[in-house]
């Protein structure tokens, strides 16, 4: 029986922040070995990265097409590939690996259009591939705990959702021209690489996914106002939403809200209680039950549900952070692939990672926001 | 020269929460004496209240019309009246006192319709009366400080506003019929007394006023979704706004958000910084300037602006609360009336209380929210 | 039956911060009328204060002895006196009023020595006077709630106590000579007026009282290190304590801890749970029960005990502060005096204010701290 | 030139929490390879662990003596060893590896006695070995930032230190006999394995080290009261301290303070400002400068000093936790060893990890606490 997996990387070169996050997280539990990569379009950088990571030079590839083909022919070929390159690569790379029957963990957003996304889903089914879209925040223990509380009915029926993801790192872009704009996250601001949206695509999409994960409810329609501040893609967004059960709420995402470093906050309100989770303090969950004192749930305590407890590696009070949420995503994913490759039956719990349907839903959400805003915040159906 | 003022009360009987708040706050600084009242439509309760408050029985009136007339004829008649009865009384009572030239401090919302509000404004001008609408939260020292920071340009240009006023005290009303509904705040839930809105009218209106106070910007248009949960008036609201300078943002008000006792939070984002104020911790202001550490401003410290410092009675760290904000409102109001009655010129700072124009603006806001929601969150102009 | 009380003031002139706090707080619930005063040793200031407060000029006295004597002879004489002058006045003034059978509410610390304190106790008993020492923080609703939780056994047996009262307002005194020192709180720094201690006497004494109030346990012995930083009286203190049940803990008080405005925090640890109260956020109590999520108790909620609920005037979430705690102290005190004067039996709950025994205990604590520190933090018995 | 290091593990088997922390942290930056180990006294477990970690079976040793000897003879022998076994192993294992010239990273506390500690220091010097003691919290970016602020004089002269490390996980041990006590952390509670102290040794020692790291000041003397609650070793401690510059303060450590998961908090007060760091929210530092608003420093921001910035791997607001602090310790350590082995000069910054002198100081501190408590909190010299 397989006990570990070999994986490859597309993108995630030495200067990529998210690249190192993937490598560290994938290795947290000793269940993976990095075996191949196509790290950069620049051949020199690609080689340097392979060397630093001690890869066999034969398995550092100039193109992801070559990598997909050659790895699929090796006895010791990779079991899955992580696609962590900019958005413009996702669709083509995913397609290439799926055609060779290689499982995929892909960064979000999944691709540019809903049509592409549906095509990837069909290919995955045809080639018997598992597919994970890296909405990493759902890997947090307390997001799982929040979902458990909702499932158990602790909140009653959901009546409102307020969520926001506020950053400040592009505040200086306001009023800049393409000549004076800073280079930070340049590709995210370029429609030809990022797609139809910058801010909603990059972080608004996390709101959509995490809220859906916790509530189990999809967005029925939305009315969005995106702010561009003179740039080609959005930097700020305020969105009225209606969930499939009729509840309303607001989402806000921003890269220009000074004072917010990475302020991702989700609040879910129900007829019997509410909960609140802050990604900047990810090990706690604030729970309110009607008529009772507020409660602060801490990860690592015995009252936490088994599903959430399984996402915690160290004792209560010892902070776990961003890497650990990624590592949890990998742990679930790798175990699923291991079981699948070993011919075992996969349960719902085994498949508790964001799958390609979530990836498709994410693309729908981004397009709906952009469309609504173009129509002056008219309602746009998402389902 | 007058050194103290006599005032009367309409409403504010012994069982009225807001009544005791008005009486305590009005007396905080030793500048007022309660001299007359019409506390209740119930004659016995009216008399009991007058006795408890040691009023001359001749100055406890059965109707506000009688009170307005008789007080205006006395040598020692009241200088101003506080109208703190339910909403349905505001317009008629204000009109009665204005006709007799008595200054008015009136609870919000000012009245039912914009037309009534405009009429009151005209009457006040005609009869040379000062008029204050009791948006009490702008009496908080740190709201003044926030306004100063915006005026000084510490935030640059305003680009987004996020504000919410979340309560939970009507959570049990969801799904109730008129027979099973609890009696708490019954008049607020009755359209014939409260007017077109419950939640937006009662607390959404505070968001509108405080945001305008801090930013100096009016709302140009809004798109609102109010939730009624089977009741005649709204219990929950989510509102997209557009300010007159083009900035967008979201307001939320609710009486059914479990876990929020009186969660009034205002956040203002600009191109150079942001600020955040929580009414539940009113003596602090969180200020972010671009590229700098977050700063926690405390009331009572020497770095606070003179205007805000003038609203602080006790040393830094000693908590001041809801009464004190009311008392600040009264202090400013009473000083303005004193100066006016003494024939002194009134400066802008003397008039730094919410005036009838703010009262009118508040009515516009409430109607716009209701109208937009009826039209499925279509944009409605407010200016 | 008496329904209101007349009271007099010793000290508490127009420039006295604590004076206005007493006057506002005493009038919060409409149960008292200020009827007499001796506000200042300076006759002009004394008269001015009487005028501002609209007192009958005959009842503005040049000395507290005269006031005690003349008020005791009037039909409409004061029912009680509030002594809010600097420490050097407490003993003599209290004695004068007790000799004339007038009830006393006295600022803390009660007097200079344990002997004086015992003498006042004997006089109060002899002259049938009620006596309240103004440890105002025990007037906070959530301090009462904390006491209830301990009484109910929610914390099990107390095993540790950590409490601190940290201010910063004398930070500039460090290293100053008497010539360069700032005038702020000058009398507190003068041994001839303040007594043996500044910092421990002024704010350390609140720690002692509030901890005893909540736990019901007295300090058996203590080992203290006071820091003088070149001044005649202490500015900073760290104290090891041992409670009568054998539990240990630490107290810290300071007027030089920069960053702390009025940081009074009490934490009580037991075998089954703990609680934590911050005076800067007085309406909340953090409660931990073994193996459960932390709970945030909010004043004004239905789960609060009746005793604490009786100290709350406004709904949950609306902040109450420093004045309101004082007003609670007055409410309990005035009701006790009213009942006593009406010949009613006084229950333990009626007498739920800090009495002269607590005043005596406070003096013992201050002396023990000073003595221990002089002996290089040797243990000193307090009981 | 060496670019990576091989290391070995003593202890840190598969069921050891701290073992996995070491392995993950050591590999964070791709600078180490685990090459050898002696994981357990139980041969089967030792082998299983080696297999899981894919070690060459020849390099999984039955004893640390064998490991030290054989590794020192190999061409590809380990560059350093991490000793992460219980306390009773530290001294003997460290000695064995030093005798063979192998650099050492050892868990704290370093050993049982000051004499042992001094001997290890002498051996390290004799055999030219670098030696790191794993006070991991000083690996936090914001601890480094705090140290920088003190060094720059932002706090002026240090006048008080208050620090605590409060846990609750042994609360159930109170009143238990050895038969009924739970097995959690059993070795820590056994004097024959843990040494003279449980609570002070395990977590009080972190207080001592982190305070010294930040302030640059050693403790001159201390007066401690340890609570045993019927157990052989301490569960709770309150300690008065005097620093070498004459400042006083209090330390508290506990394993029975319910409500505190891992509450390690350090507060440093100076004549010009103060700072506060909470390990449970390690990416922030609260800084107060005299007369200014409180400031919240966030890791990852541009205003952070270069030394602290070098300890941050991901953008501001993305939480880093316990593993990352360990990884920072390893990063500094590994770079120092690499430079040393490459014959480069080591600067003070290269050696910015807790060295054997800090290990010795830690042992002195633990013994002083136990001795003082035995003498009823008499002062005991530490320097």
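As written, the chains take the letters A, B, C and D, and residue 1 is the first residue of each chain.
Convention: contacts are C-beta pairs under 8 Å (C-beta built on N, C-alpha and C of every residue); 3 or more make two chains touch, one makes a residue touch a chain.
Quick caveat, the model's predicted, so the values are computed rather than measured.
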Check: chain pair from A-C, A-B or B-C whose contacts match over half of those in C-D is A-B
Selected pair, greater C-beta contact count between B-D and A-D: A-D
In angstrom, rounded to a whole number, how far apart do the mean CA points of subunit A and subunit D lie? 35
Need the CA-centroid distance for the pair subunit A / subunit B, whole Å please. 44
On a C-alpha centroid basis, what's the spacing between subunit B and subunit D, in Å? 56
Contacts with 2+ other chains: residues of subunit B: 260, 287, 294, 298, 301
Which residues of subunit A touch subunit B in their complex? 159-160, 162, 164, 168, 171-172, 174-175, 223, 225, 227, 229, 236, 238, 240, 242, 248-250, 252, 254, 256-260, 269-274, 276, 286-290, 294, 376-377, 379
For the complex, which residues does subunit D have touching subunit B? 287, 291-298, 301-303
Where on subunit A does subunit D make contact in their complex? 17, 20-21, 23-24, 27-28, 30, 52-53, 167, 169, 260-263, 279-282, 298, 300-301, 313-324
